[in-house]
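There are two complexes below, and they share subunit A, which is joined by subunit B in the first and by subunit C in the second.
Let's look at the complex of A and B:
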């Protein structure tokens, strides 16, 4: 009896391809094909609402147009400052909460769950609801702020100075729990013997924090920020419903502008070039970030 | 034993301080959610009173407005009508309106259900197959394939929305349940494969090898031995896929309009005349967000594990 014939039925190789095949095919059809299609369209003057007209190849014109447009750089700036403040706040508050929760007091599992609730909610619906909280006449947010310090009437969404902060606040409220959870996982992975050894060496609590806790959490924190960074670079739903990019274009993030060009003005070729540029940006930054992150990890 | 641990344990004083700060943060973070639930039980006037009312007379006006379409009528016309048949008709009449029919909310809500469950089932099933193969077999270019699967999550939805829109128009999948189920399945698939691979890796190979020596084929062993063992992981993954599909907005708003529109693009449109019907918005958000909140609390252990999964694995 040959050893190979030990088991009946399909060979492992066949089963392997049978199992992986559908996933790869679906991803190719619904993810890769549209991407390739978008890249192709980015070199044409295609308008998706004009069905009869044949798109013409126009080379790099769309890309040149996007990169030369001053408004695009404004959107990129809006996106960058949105990302900077949300990531900064979420890193500080998230890490702080994780350090506190790691003290393992009674009931901290329940509290963790309650803190996590906002990030499970639909961002678009959350955005709608916050327009009520921010309402300058009747909003709870305005009332609470004025309760502590009387600013008089102010409009978080309507003022171009405050609107960028209105989206930073909601995003931080929603997503700080994410950084917190990842940091918490990091804190729990620090082996106890490190602290025991530090105690034996009479290291102070502060020294333990600087030399043991922080370096072990840092890779986790950076990973959480990578995920949040990618998500916030693509940010669309919450902001569309909260400010719809306004007032003017004070909160018009890159992807909101992309949606306007693609689905309101139907400039398919132009918007595809913009999409490709965004995609390359996110991939480029992501790769550099991961490299830096791995260097920090190795140390 | 006890003394060797004690100096690692935070002092009871620092525990109390930590607990106090965390409780304050929890209360603050829950205020917007509680306010939403409270607003859903206010009447229209009390929702726009200032200062905001914490104590109020509960009303179901928001829920009535959420589920009905109404039109404003003159007092003379209202007087000429027969007396209202039930409490909600009476409530609407007191606002000088009549009910003209049911609103679209239930339809949108059930679209969310159908598309959510359909895509969750498909992505967990396909994801489990792929995860098993990646976990057990020598697949050529395994790491590249796994990275490829993960990298598809980085695409901004808007970037691929136009091609998908055109493709769906050609295939007749635009604004259909099937189209949205396929789309969400694919978006969830990458996460499902990664999560499930982690769970499959933890199931000892010996289980199915023993089954195969007993005469099971590889397929039988997978369905009868491995899948039941992986049930916890499958449940956790399913919750994640369900939450994503339930909450998704960008694709829904761009690719659906009438037939297959889900609740997230619909809820903002129920603001009503004058943009003041906050109780109805509150009611819609509450009914929409409640299932997710209940899920989160009941299944917290699986969920929290799933979120930190990527970080802990490494």
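Let's look at the complex of A and C:
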């Protein structure tokens, strides 16, 4: 009764703010404040480990340094290549698996459960156990590959040619189930009468796939790829455990390099600038992508 | 019940008041120290809690703790390269007054270890640590294989000299290559497990073992931080090329990101004839010789000069600790010659002259003489406060050249110098 009295005078707007207030405060404290602080730091020569040394304002110097550094562009290329191949493979295999599991057959549920298992594991754990699977002497991966064709001894994570593929394979193994699940949700939302109408119009299976299935599932697939794209842009733990960014810098993604600059070299100002550049990049790409996705949906 | 609760509570308050925490890396010597410390607790009633961090995360964990002025540790056994940062950024307590008051003399410890583990600026009389664990990079080999007559005669026929402890790096390469891919007792064996790790300091510690032996200097002795022509001298380039050759010709397959544990595993599992590793591991290796395995040990081979990569650590009191007095009491106890002797007996590497100069020391273990030899020729990586910033580019560039096969050794060393110049400029040294 007393509570009722207390809130009697509150408007709908005020009640709304009461509900979202804590979330907004948390967002401000955890997301917005660090972002603003990082932007501020990016214009200074701050080193977090140099106690007593006051940061000095140095304008755009950090940004110029990051953008002119050849090594940074190499890391960005490695990241772009990693993203391209993982997204491509996860889209193709994920959609394929979703089409398979959309059929009704015995053991469908069990197979779905088995397929989604990898994405339930911790990326760090996945990285560690794949180092064993890739071991050229005792690893299962080399054994299986050589079972089909004898390539002899090869070292997936020690070779600069193969190491980038080693991280692509693991990420694809781990995250294809995610793409598959989203696509499966899309497939199950397609009304059956569309296929029945197509059958009446004597459309072939291929035509049904191109004109009904694909357009229906495409927004779901694009959404899954957006999530995976953002995740892979900041991929860190799995790759660190698997290759440490090596051999040399063959698999050193931008996020790994950022961590090394920020928390090993303690170049706080410089790494803040680098982080802002990465943020703007992914934010820009994300926005363009969402606009394209919305246009596809509208069609 | 209430009485029990009160007594338990008061016990925990008491034990907290008389306890300290010591941080170190998780490895064999840490277990020996834990054992040794039981005597300290028995003598003083001060409990010592230990936090041992695995090597790959050791530097990250400890340096973050220090940078954040953390109070987790009262005592820290930190790597030799940290001493500069510990002193300059005020993480470590300066121990001069304490040493004077307690009559602890640095001349009682091996000069190389005092220089490396305790002083900042280098060679000064400002002490920030007590030498705790002497160490250097060395080699272990399969003596049982070396003693086999058929292998000995085959090797001699091929190379014209005896299979044994290599006198230089060329001989080391010959021997490693001799075992590479060779079948012994029905199993395929390989040459050497060497440091190739990319993430922390592994490949740098390995390649500098060769570079020091070739006579590399980091800088112009008359002009500090002038590295051109020193760090990338023709000798240094040759050493890095040689290290790559050793990796390509003699490492077991998949040994592309290996450091202490991976080298130990390769050796213990019988894959390799040689392993490169720290003296700290030799007590364990020697003790675990079984199934016909007999291990021999030797100091880093000479090439142009006799030199070895320095490892080891000093024990420091953390400035942010609330229990500095108890931590100092531990150091006072640890500095005692009788404790140092027990430390060596348990498998730790004492740096105390009473232990090292004892007539029985060289024959006390099979690796003791090698340890003595090594500690006389050690060289260390930069100990600057910025050592992590200096280490990372070297790790990347050397790994890129040795394991990844990218570019030339000269290009790798030039790239490192360029990065180092940037670091020293930012630090106001250049």
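Quick note on the criterion: the second predicted complex is superposed on the first by the 280 of 299 C-alpha atoms of A that agree within 3 Å, B and C clash if a C-alpha of one lies under 4 Å from a C-alpha of the other, contacts with A are read in each partner's own complex, and residues count from 1 in each chain.
One rule holds for everything that comes next: a residue touches a chain if its C-beta (ideal position, glycine included) is under 8 Å from a C-beta of that chain, and two chains touch if they have at least 3 such contacts.
This structure is a prediction, so every number in the text was calculated from the model and none was measured.
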Subject >> subunit B versus subunit C as contact partner of A:83, first or second or both or neither >> reply: neither
**OP:** Could you tell me if A:72 is touching subunit B, subunit C, both of them or neither one (first, second, both, neither)?
**Re:** neither
Original post:
Touching A:104 in the superposition: subunit B (first), subunit C (second), both, neither?
Top reply: first
Original post:
In the superposed arrangement, does A:167 touch subunit B (first), subunit C (second), both or neither?
Top reply: neither
Original post:
Does subunit A have more residues touched by subunit B or by subunit C?
Top reply: B
Original post:
Touching A:273, do we find subunit B (first), subunit C (second), both, or neither?
Top reply: neither
Original post:
Touching A:222, do we find subunit B (first), subunit C (second), both, or neither?
Top reply: neither
Original post:
With the two structures laid over each other on chain A, which partner does A:91 touch: subunit B (first), subunit C (second), both, or neither?
Top reply: neither
**OP:** Please work out whether A:13 is in contact with subunit B alone, subunit C alone, both, or neither, and reply first, second, both or neither.
**Re:** first
**OP:** For A:245, decide between first (touching subunit B), second (touching subunit C), both and neither.
**Re:** second
Subject >> subunit C-contacting residues of subunit A that also contact subunit B >> reply: 48, 137, 139, 240, 263
Original post:
Inside the complex, what are the residues of subunit A that reach subunit C?
Top reply: 45, 47-51, 134-137, 139, 153, 155, 157-160, 240, 243-250, 252, 260, 263-267
**OP:** Under the touch definition given earlier, write down the residues of subunit C that touch subunit A in their complex.
**Re:** 60, 63-64, 67, 85, 89-90, 197-199, 252-257, 271, 388-389, 392, 396-397, 399-401, 403-406, 426
Original post:
Where on subunit A does subunit B make contact in their complex?
Top reply: 6-10, 12-13, 15-20, 22-24, 26-27, 29-35, 37-38, 41, 48, 97, 100-101, 103-109, 111-118, 120-125, 128-130, 132-133, 137-140, 143, 173, 178, 181-182, 184-186, 189, 192, 195-196, 199, 220, 223-224, 227, 230, 233-234, 236-237, 240-241, 255, 258-259, 262-263, 268, 271-272, 275-276, 278-279, 282-283, 286
**OP:** Enumerate the contact residues on subunit B facing subunit A in the complex.
**Re:** 4, 7-8, 10, 14-16, 18-19, 21-23, 25-26, 29-33, 35-36, 39, 47-52, 126-127, 129-130, 132-134, 136-137, 139, 145, 148-149, 152, 154-167, 182-183, 185-186, 189-190, 193, 212-213, 215, 217-220, 222, 243, 246-250, 253-254, 263-265, 267-268, 278, 281-282, 284-285, 288-289, 292-293, 295-297, 300, 303-304, 307-308, 310-312
